[in-house]
Amino acid sequence: MNNDTTTPKPAAEWQLRSVYSTRLFALLAVGAVLLAISAHRSEVDKGLADSGRAIVAVVRGKPESSRVARGWLRFLSQAFPLVIASYEPIENPEEFNPDTLPAFAYRDTKYPIKDTMGDVVRYVDAVVKPIGYLTYVGGLLVQTIEIAIWGTILSVLISIPLAYFGAAGYTPNKFSYNVARAICNMNRAIPELIAALVFAVAYGQGAWAGILALGVHTSGFLGKFFADDIENAAKGPQEALASTGANKLKVLRYAVLPQVMPQFLAYGQYILERNVRSATVLGIVGAGGIGVELNERWKQFDYGHVSTILLAIFITVFILEQIAQRVRARLIGE
Amino acid sequence: MNNDTTTPKPAAEWQLRSVYSTRLFALLAVGAVLLAISAHRSEVDKGLADSGRAIVAVVRGKPESSRVARGWLRFLSQAFPLVIASYEPIENPEEFNPDTLPAFAYRDTKYPIKDTMGDVVRYVDAVVKPIGYLTYVGGLLVQTIEIAIWGTILSVLISIPLAYFGAAGYTPNKFSYNVARAICNMNRAIPELIAALVFAVAYGQGAWAGILALGVHTSGFLGKFFADDIENAAKGPQEALASTGANKLKVLRYAVLPQVMPQFLAYGQYILERNVRSATVLGIVGAGGIGVELNERWKQFDYGHVSTILLAIFITVFILEQIAQRVRARLIGE
Amino acid sequence: SDTESLPDGSAELPLRVMLVPADGGTEDGTRADFEPIFNGITQVYDLHFDIRVGSSYNAVVEAMANDQVDIAFFGAVSYQIAKQRANVELLAVEERDGKSEYFSGIYARADSGIDSLEDFAGKTVAFGDVSSTSSFSYPAAMLLEAGVNPAQDLKAVVLAGNHANALRALVSGNVDGACASLDSFKKAVDDGKLSEQELKLVQKSQPIPSPPLAMNGNLADKTKTQLKTAFREIHEHPDVELRSLKGYAGKNIDRYNPDFSEERFDLAMAPLDAVTKELKDAMIRRAAEGN
Amino acid sequence: MIRFKAARKRFADGTVAVDDLTLEIPAGQFCVFLGASGAGKSSVLKLVNGMVQPTSGRVEFDGIEVVPRTYREIRPRIAMVHQQFNLVLRSTILRNVLAGALPGTSTTAAMLSLFPAELQQKACRLLERVGLSEKHLYRRAAHLSGGQQQRVAIARAFILDPTLVLADEPVASLDPEISRGILQLLRDASRESGTTVMCSLHQPDLAREFADRIVGLARGKVIFDGLPDQLDEEMIGRIYAGARAARETAEDDGPVALGALTASEAV
Amino acid sequence: MIRFKAARKRFADGTVAVDDLTLEIPAGQFCVFLGASGAGKSSVLKLVNGMVQPTSGRVEFDGIEVVPRTYREIRPRIAMVHQQFNLVLRSTILRNVLAGALPGTSTTAAMLSLFPAELQQKACRLLERVGLSEKHLYRRAAHLSGGQQQRVAIARAFILDPTLVLADEPVASLDPEISRGILQLLRDASRESGTTVMCSLHQPDLAREFADRIVGLARGKVIFDGLPDQLDEEMIGRIYAGARAARETAEDDGPVALGALTASEAV
């Protein structure tokens, strides 16, 4: 075999390979050219130049001189203050009964309606609930989270067999491997929006159509990532258990799961959180949730409301992340 | 320290812990009750019942008797045939010059124009390109992929520092850790749609706004997952290199990267593929791409076109997956 | 039989109402607008409803075709499409001051120097949603009539998604023209989202029939009659306190008219004959190409 | 009984780890394999449970050929102590030992980690026998010293009363006294329960002390096969230097550079 | 010079691995640590480069206290051969060895894997010295035998000419002949380049043969400290049995159940 000599070669004569092959260089060169062409087609060059100008403008203390910086400032100035209160105009003041007001609510006869620039457009007579909008958003968010949880549960249930059959070393044969991987790809490729609409036609509008859409679409993600991680797990412990004659399921449970559990948890958390963000989809099929509110507020230029909703989503994401981090820390247990 | 006796305890007296604590049981019970309540609120019970009925109907060979099964059949029957060809009506037949026809195109004097129900409305004189629609979709897809690639590049660039500062063991201190993680959460929490529109305000409509939106949003994903994987990597090799005095960057490069590269690759591939799917966002800010076409075709009930587009996306996802699997196989090198 | 039966409005089988918020409507706002009238009908006529708010007309049409939705609002154009694809019947049309109509318009910036539709040639115009009557079909027809082919003669076509987005694109200077209904424009001005001086109405459309409330034609005849009666009478029923009757997009109306003739919709569609599917396709292509 | 018939293992890169091995090991025998680092000891052991598949030739266990089809049948009767221990570092010691009993546990029980109390007690007894104590039971394997990990791996191997134990350098990380204890354990198993033991060792002294039979390997070939007292110093020298001599005609490595090692080149 | 001053390491779960250790090891000395499995050998070595941080007391290297702040200064001069090798299994042998030279390589060069040719040649020479050959250079570490992996770890430790080598059972997986070669290498380094060597071993014979000084540990405490020829059989017995005796008054483990091990309980 190869050119091993019979007497050992002294170290000084050992053949060292260069790290970068000429093939790699050629590939890199071609890639660079293609990227350069594409950069122009995709306006990356222009975008970078604009950003550069904006940064220069800001650094020089003249943000107004850059269109980009101006746009940012304009948006940020409109995003605050957050909208916390809600109001309901009183249409028949003579019928108004102050005793039926909910807790903390009060009547404001000169409640100002402001435009996006913060200027008062007109005044109305309204019942004001000081944290009315916040509680409303909270309620929507709870609805959304519930549905997101069901979507995630469904997704996990679908993805477990996909992962098993999609993991080399566990799948029974090449065929089942390819089928599982193809289903994962397919589920990922179909936009959940379209899936939601199709399910709405089949099942009627409502939460279930949204749950199915979220579950099916994201099972493509979970299936692939679970499978990849299983394939990628350290082989030693797996071999050790497999060599005792334990079946594949048991090897997975005892040699792979302890290794990959932290990642699996992260994937699950991501899907849950992503399903919360995909709430728009739920709105489209009439399942309620935060999505429609966000969408419509945005379309109405109600940036104050939008900020409130985004902040609420951020807090949800943050809490999910905190919970997951704790469980992870336990699992990793360093 | 604890209740160790001075003479070693014989094995028969060793205290065995039960696998499931009562606390766990209590938690599970509470969880089950909450889920049961939520199942009703979220119509999961109804959805499952409907699905059950549909399955029974199909199994009994009477799919028409289930609304769910009927809805599915209706869709599938409309999703085919795929639309492959395109046509352009010839408005001035006298000026028509057959020599200027592109390859494979031909003139059809009785090309049928169908309405959304598939009924022929009228016939026109048109130039038919047998794979015209396919090439059109292909062109849009290339555009989309280019933008998706730029979005992914941007995302990776942003996520590298986020991952470094968000990985316990590498981040300089608790503060930088929290900041990096919070930025990741924030980037993930802001829907890319909203990010796209905000960027469009700052940079004007176009590809760059879309690229920025994709890049910023997905950097939250990459940052988090890169960081989690770094934290999760086997400690032995890292300790070995750290104990030589190599700085953190070098330890990352030589002890962590070889372990996590396959996963990082999978994340990158996912983001690329996800950005292709998020092309709708690009359409919204006027960057073009497959998203607008898909959306509008859907709204127009052109299910044949929709199937063609979805298939094109599936093939893209499939190719990306194939490429990634090859590179992965090399990296894992079993 | 095996076949699942259609709702009859009983408490066990409520009629499924699917509402899509009009431009400028939020989910709870839409619900709040229509719940009083449906509740009133339940109270008086013992017809029960399951009201949902979604946001895709497309899904509503398909769901009606699959007997998953019984009552829904449509735009004038989407009503035609719905009739093509599903068994849909007119339930009622809102009426105010004896009229059931509204208007669409094409706007430009006040300082743009655009004074007539011809001036839009070579300019960028934002439309709403392709399935929208007043932010797409009518304006497209108006441009065509003025000799500006929206698929060929414009610099770029932007599909903004809805009226408000189209107007916003115009205000921010990204486009030169925007198509929207006059009601949407007025609502944006009222809410302080636009200043009336910034924009001008270049051309107002002819009257468009108000968005109809439609029902699934497969419902039992008895149910259909009950529904029509209810909508005809509810506004003057002594037992119901309907402080204000709301119509599409939440505006105040006088009554619902279940006897509006279908022919008037067909008539109103006549000017849209020029807006063929091919034209729509071509405009979508222009929009997909970006600018 | 284990039978190798002209078994040969050639790895993908051309390394021949086991070369034309023909050998029979009767049931109940305590057979020790000696050989230089890289001689092929681990590969020979792994051929028996199929963790290494022969490129040619044949390996039989109790008359059954070791091929993927028969793994289910034979593996539950074969236990292995891996050279690198191969513990699940994030699991507790107890769970690591119990994991050795998976083939004898129903899949449902295994998925729910419900191991019968007797099995758990047996795990405790085994841990006690390898010198670990109650306080280690619920500690993660990662938090043990090297030798403690190796002992957990030994306990795991014995949990299912195997008929054959493949012990790959089971005492490499252990001190002389515990080493003797472990080898004693292996010999007891062989003497009292008729367990066959195939054990690779680096210490010829220990081999001579405990083995029923010693097989010397060099570059994948058997160069000695006999009783412990037949293994003289000269033969030991040949086993560990054998590779050097054999190298003259071969392409494989082995402890080549022992000469160089003693050279005083400053490093 | 290394100095331990009343150093104590107590792990989170209460195990005291190193107990009130006071010790000085002069530069250039080849000091071997003996002790039963779990006696604290690895912990003592890891205290020196900060991989284990003392719960109380103090450790100094060349007069600098070993604390996180000083790691950057001292670690590049200390090399360690880890008991579990800790190779990057997916990287090649050459890269594993070169990774030992990272502190001496500029960050940019390191990121691009550009190692100077001399360094690569030195890596080859070291690999040759530990008995590996050209054909292993670009093989993944995962595809080596146990002993070969251990030798790569040794080569990695020497690539930067350390002034102190912490060798944690560097010959556990090696055959007697290569073991001698490796210990010779360590002794040469100590004699010829003045490298200090702290080495844990399981083989008292090898310790006596190569060490300048032997420290016997039991349950984290020094119970012997002297010249190789002062280590008699009785003392060896005490080192490995010491834990048993000490157990009477303590809460820690150690090779407890040696008695049980020789008991003939059927497993």
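Couple of notes before you dig in:
A, B, C, D and E label the chains in the order they appear, each numbered from 1.
Methods note: a contact is a pair of C-beta atoms (placed from the backbone, for glycine too) under 8 Å apart; a residue touches a chain by one contact, two chains touch by 3 or more.
Note that this is a predicted model, so its numbers are computed, not measured.
The chains in contact with chain B and with chain D alike are A, E.
Traced through touching neighbours, the fewest hops from chain C to chain D number 2.
When every chain is reduced to the mean of its CA atoms, the largest separation from chain E belongs to C. For the pair chain B and chain E, the distance between mean C-alpha positions equals 48 Å. For the pair chain D and chain E, the distance between C-alpha centroids works out to 25 Å.
Centre to centre, using the average C-alpha position, chain A and chain C are separated by 33 Å. Averaged Cα coordinates give chain A a centre that lies 10 Å from the centre of chain B.
Shared interface positions of chain A, defined as residues touching 2 or more other chains, are 2, 4, 8, 197, 201-204, 206, 235, 332.
Within chain D, contacts with two or more other chains are made by residues 84, 125, 128, 133, 135, 256-257.
In chain C, 58, 62, 65-66, 68, 161 are the positions where the chain touches two or more neighbouring chains simultaneously.
According to the touch criterion at the top of this document, the contacting chain pairs are A-B, A-C, A-D, A-E, B-C, B-D, B-E, D-E. Chain D contributes residues 11, 13, 15, 34-38, 42, 83-84, 125-126, 128-133, 135-136, 139, 143, 145-148, 150-151, 158, 161, 168-169, 172-179, 181-182, 184-185, 188-189, 192-193, 202-204, 236, 240-241, 253, 255-258, 260-267 to its touches with chain E in the complex.
Chain A makes touch with chain C in their complex at residues 91-92, 113-116, 119, 121, 136, 197, 200-206, 283-286, 288, 292-293, 295-297, 299-301. Chain D makes touch with chain A in their complex at residues 14, 49-51, 71-72, 74-80, 82, 84, 86-91, 95, 99-100, 102-103, 105, 107, 110-111, 140, 153, 156, 160, 247-251, 256-257.
For chain E in complex with chain A, the residues that touch the partner chain are 94, 112-114, 117, 120-121, 124-125, 127-128, 133-135, 137-138, 142. Per the touch definition, chain A reaches chain E in the complex via residues 2, 4, 8-12, 14-17, 19, 235.
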